[in-house]
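Would you mind keeping the following structure in view while I ask a few things?
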Amino acid sequence: MTSDAAPRQEVIRTSIWQEEPEPDNPFAAAVCRCRGYDVYGELLGKASFIEYLCLLFLGERPTQVQAKLLEILAIALANPGPRDASVHAAMSAGVGGSPAASALMAALGVGAGGLGGGREVRVAMEAWEQLGCNLSDWEAFLRHPPHAERADIWPEMEHAPGFDPHAVRCATPVAQTLDTLAACGAGPHLPWLAGQRLTLESAAGAPLAMSGVAAATCRDLGLSAEQGEMLYLLLRLPGAAVHALEQAQLGFKRFPFFHGAVKYVGQQPDNE
Amino acid sequence: MTLSTLLEHEDNWPTRLGYASVQDGTVSLRGHDLLNALEDLSWMDMLMFGITGRRFSSEQLELFQGLWKISASYPEPRLWNNRIAALAGNARSSAGLSLGAAIAASDATIYGQRPMIGAFDFLQRARAACGGGQTLQSFVARELEVYRGIPGYGRPLRSVDERLAPAERLARKLGLWGGPHAQLSIAVAEILRTRRMGMNVAAIAAGLCADQGLTSREYYRLTLLAFTAGLIHCEFDAATHAEGTLFPLRCERLHYSGPASRGW
Amino acid sequence: MTLSTLLEHEDNWPTRLGYASVQDGTVSLRGHDLLNALEDLSWMDMLMFGITGRRFSSEQLELFQGLWKISASYPEPRLWNNRIAALAGNARSSAGLSLGAAIAASDATIYGQRPMIGAFDFLQRARAACGGGQTLQSFVARELEVYRGIPGYGRPLRSVDERLAPAERLARKLGLWGGPHAQLSIAVAEILRTRRMGMNVAAIAAGLCADQGLTSREYYRLTLLAFTAGLIHCEFDAATHAEGTLFPLRCERLHYSGPASRGW
Amino acid sequence: MTSDAAPRQEVIRTSIWQEEPEPDNPFAAAVCRCRGYDVYGELLGKASFIEYLCLLFLGERPTQVQAKLLEILAIALANPGPRDASVHAAMSAGVGGSPAASALMAALGVGAGGLGGGREVRVAMEAWEQLGCNLSDWEAFLRHPPHAERADIWPEMEHAPGFDPHAVRCATPVAQTLDTLAACGAGPHLPWLAGQRLTLESAAGAPLAMSGVAAATCRDLGLSAEQGEMLYLLLRLPGAAVHALEQAQLGFKRFPFFHGAVKYVGQQPDNE
């Protein structure tokens, strides 16, 4: 009772990971090489975690500047803070006594979007790919954002990607992060962004957001838009993790329920 | 459970569930041609047939879906799993990511799957204990002593459960009221009356479903979709609101109690 | 969209969806008392009422659920979203985490929500273009030129779609066959016949649902649960198999093509 | 039309994160302090990412030994490799063209379980909490694992937590990781585990797994079982991320479909 034809040995193609089996167990790896480097035989204790993360994403051992950029970006993004929607979602899982994995999944599901999430970084990086460091192209793009003709799972962006529609001025942490990154000696996107920030903010009608700094950094790291989106999602999780754990300890009774906030403004209830 | 288990399963997944053939397009669910022989199978019927391998009456299927509606699908973005869905919609994530995240979180402890499974399992164990000669009173007392609580009794936000009466009405209408587990759930409520542990809908729903012959593992799979209507409604509603406007918090609403400012 | 938007929404979420009152236990869905006034609302009716604010006939509701069954819920663990669910069950995760992960992945491109939304949107735009005087032939030609493909036409694993006939039978049985979008979906198939882009069920399902007056955003929310039965079935089946036995791979089945062995 | 009573200002309680608002925007933080340290004003460029991660989880700036432990653990766990179920799940999202976030959610949903996942680490850490470094207690526990009386969302463990039911011998990478960690000067769990490994494996009837090494490491870091579970989930995601991206590029046609593997062994199909 076979549902299909005879098996053939299908393989997983990869340029990232190579394994040599244990002599007595074909399903256990004795040696694991990441892009040619022996992970457990050599990297462990020799490489830093940030270098290893660079190796995974970039394919090569990073330059000092690249490692520095990623180190700073990772710290800047690690905790968006409890007011951030993705962390709020993770804490909501925490207070309900939901599994740890669901707290991170909640942070990802909420933090994937076009407002401060992975989607925004991706769209911003696609803009970098198209516009480079051309100021007039950027100004035109920010003033007249393109519209998609086809419907998609993603709603259309409602603000300039990489900018904060609710803020009045570039927040100090965003400016500090940009300055620190732009001073690392990478380029060309970060220094250009630091130099043109005010002009771009004026065209966007909104101040630069952390997502915009992340997009420029990923660009200077040499990442594609897809890679930048993924890295951003990954790097924002530690804060969600610890805040979810903390609120799970405190319990739902000490967590905001927003009593009184939901106001029904639709059709009047029936007299049933 | 050794290496030979892996060798045996290499490119080999024997199953009693079914398959879809890439060659001829046949889709088989438990031996039946899903697309051509099971046309009269409703979607709910298919869901339960795939989970259990058994067929249920239309009244039973209506009971299962009716309990989803009554017990779990509230259009209320403050409830924690609904809130996750709504936050995702309002932060302009995709609806699928939103629903997936919120379903994962519905495996919760103070609401959601854990009380539902727990109540079901408790009633089954209570029935077995009573069948073995123990009194319900002593079974409940031991359960409280060991675990401090009984799933399905007590509720986070409100002590009275507005869903009990509608659940009973539904089961009566369908002729499915009065089975042993449902009766047991009410007898337990009587015992706990003095302890401020009001019965909630998880207990009565579990009793009603246990009376239909489900196992606790089957019941868990049935309840997985219980919250989905509310999750989808809250996501979509928040997706149509202005972005980033769901429950914004000022900095000052962080109440910090950690170490004072210090240098690295 | 400025700071004032946040100030306005602080502890303030005006909504037309509904609410659940912590004070008196009332649950209101679009102005109706969910637990006491909407007893005859089936779960599917409630799902669609919450999404759209409109009520649908029982035939329409049966069409929607029937299309879930026909088009998406296969008991087949190799399909990619089902595979995620099955891997989770077999690695002894919880069923809720399993389902949540797999639903998130169902927002896919080669199958799942993207072709479904895409086909729906394409048919609506095609109808509008034809209504505006353009020929269907030229609309399709432009779409192919700009996007290289048309969602709902072409299929990853099999070129013939075994689900077209059952979908048509279902719609005919319910008296819902023959609407303008469904007809358009078939006319497009005729145009594409020479291009090896066989129509798949996403196109006909989209046509049938567009004929019921849904918007593409509403249709997206309707389709979110389309895969859930198959996901739950595959998870549960894998959960009952020995742990870690779903598609084990030897080390040698990694086909490595990266840099040669080197020192750090 | 209010659904509930008048609003009161509910707050989020936290000992992790403190914010000072910008003078002109109460919703924007000018200063963010993590456990007292100014993140964007001081940590950025001064602390390493691993130190910051320790600070988030442990609450204090780590000792050198703690930072070393976490650095090694993070590298050891970062990529479970494409044959791992969690990475397989992420790649399945990748080949289907599913969103980046769903690849990580798939890795989490699959990697949360009792076989090599977060659940296994948590159960193993709960055992450490109860049994400490008492060999006879451990042997008794491993020979006669406790059974839960109540049903839960989690299935019961089917093998000794922290050990690999399918392996014949402790895999070289696991042993290398344990050795490297045990030599860092932490304790008491890691050195004890390294010393008693063979005895414990004999009692468990299975060799030590990476999840067991992770559990002991988290214990020596001073983490609770809940924290260890969460950290483990987090640290295993980078591999899922890059393998999902790689397979998304390669496409579903070059990814194993396991043609021929599904064999129907149930009731015979009807002749309908």
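To keep things simple, chains are lettered A, B, C and D as they appear, and every chain counts its residues starting from 1.
Methods note: contacts are C-beta pairs under 8 Å (C-beta built on N, C-alpha and C of every residue); 3 or more make two chains touch, one makes a residue touch a chain.
Everything numeric here is computed off the predicted structure, so don't read it as measured data.
Colleague: What is the chain whose Cα centroid lies farthest from the Cα centroid of chain B?
Modeller: Centre of mass proxy via C-alpha means gives A as farthest from chain B.
Colleague: Between chain B and chain D, what distance separates the C-alpha centroids? Give it in angstrom.
Modeller: A distance of 26 Å separates the two centres.
Colleague: Measuring from the mean C-alpha position of chain C to the mean C-alpha position of chain D, what distance in angstrom results?
Modeller: The mean C-alpha positions of chain C and chain D differ by 32 Å.
Colleague: So what's the Cα centroid distance for chain A and chain D, whole Å?
Modeller: Computed from C-alpha means, the inter-chain centre distance equals 19 Å.
Colleague: Spell out, as numbers or ranges, the residues of chain A touching 2 or more other chains.
Modeller: 3-5, 7, 9-17, 19, 25, 27-29, 43, 47, 81-83, 99, 101-103, 105, 108-109, 111-112, 153, 158-159, 165-168, 256-265, 268
Colleague: Two or more other chains touching the same residue: where does that happen in chain B?
Modeller: Residues 1, 3, 5-6, 11-13, 15-20, 22, 26, 28, 30, 36, 76-77, 93-97, 100-102, 104-107, 112-114, 157, 217, 220, 239, 243-244, 246-251, 253-254 of chain B each touch two or more of the other chains.
Colleague: Could you classify the connectivity of these chains, where an edge means two chains touch, as line, ring, star, complete or other?
Modeller: Drawn as a graph, the chains make a fully connected set, so complete.
Colleague: Going by the contact rule at the top, pick out the chain A residues touching chain D in the complex.
Modeller: So the residues of chain A in touch with chain D come to 1-8, 10-17, 19, 22, 24-25, 27-32, 34, 39-41, 43-45, 47-50, 52-53, 56-57, 71-72, 74-76, 78-79, 81-83, 91, 99-101, 103-105, 108-109, 111-112, 118, 122, 153, 166-169, 171-173, 176-177, 180, 226-227, 229-231, 233-234, 237-239, 241-248, 250, 254-265, 268.
Colleague: For a test of understanding, state which residues of chain B touch chain C in their complex under the given definition.
Modeller: Residue positions touching the partner: 1, 5-6, 8-11, 13, 15-20, 22, 25-30, 34-36, 39, 41-44, 46-47, 50-51, 62, 65-66, 68-70, 73-77, 79, 94-97, 99-107, 112-113, 157-158, 160-163, 165-166, 169-170, 217, 220-221, 224-225, 228-230, 232-237, 239, 241-250.
Colleague: Write out the stretch or stretches of chain D touching chain B in their complex.
Modeller: Contact set of chain D toward chain B: 9-21, 26-29, 33, 35-38, 42-43, 46-47, 59, 61, 99, 101-102, 105, 109, 149-153, 158-159, 165-168, 257-270, 272.
Colleague: Help me check something: in the complex, which residues belonging to chain D touch chain C?
Modeller: Its residues touching chain C are 3-5, 7, 9, 25, 27, 81-83, 85-86, 88-89, 92-93, 95-99, 101-103, 105-106, 108-117, 119, 153-155, 157-159, 165-166, 252, 256-258, 261-262.
Colleague: How about chain C: which of its residues touch chain A in the complex?
Modeller: Residues 1-3, 5-6, 11-19, 22, 28, 30-33, 36-37, 93-94, 96-97, 100-101, 104, 107, 113-114, 117-118, 120-122, 125, 147, 216-217, 220, 248-264.
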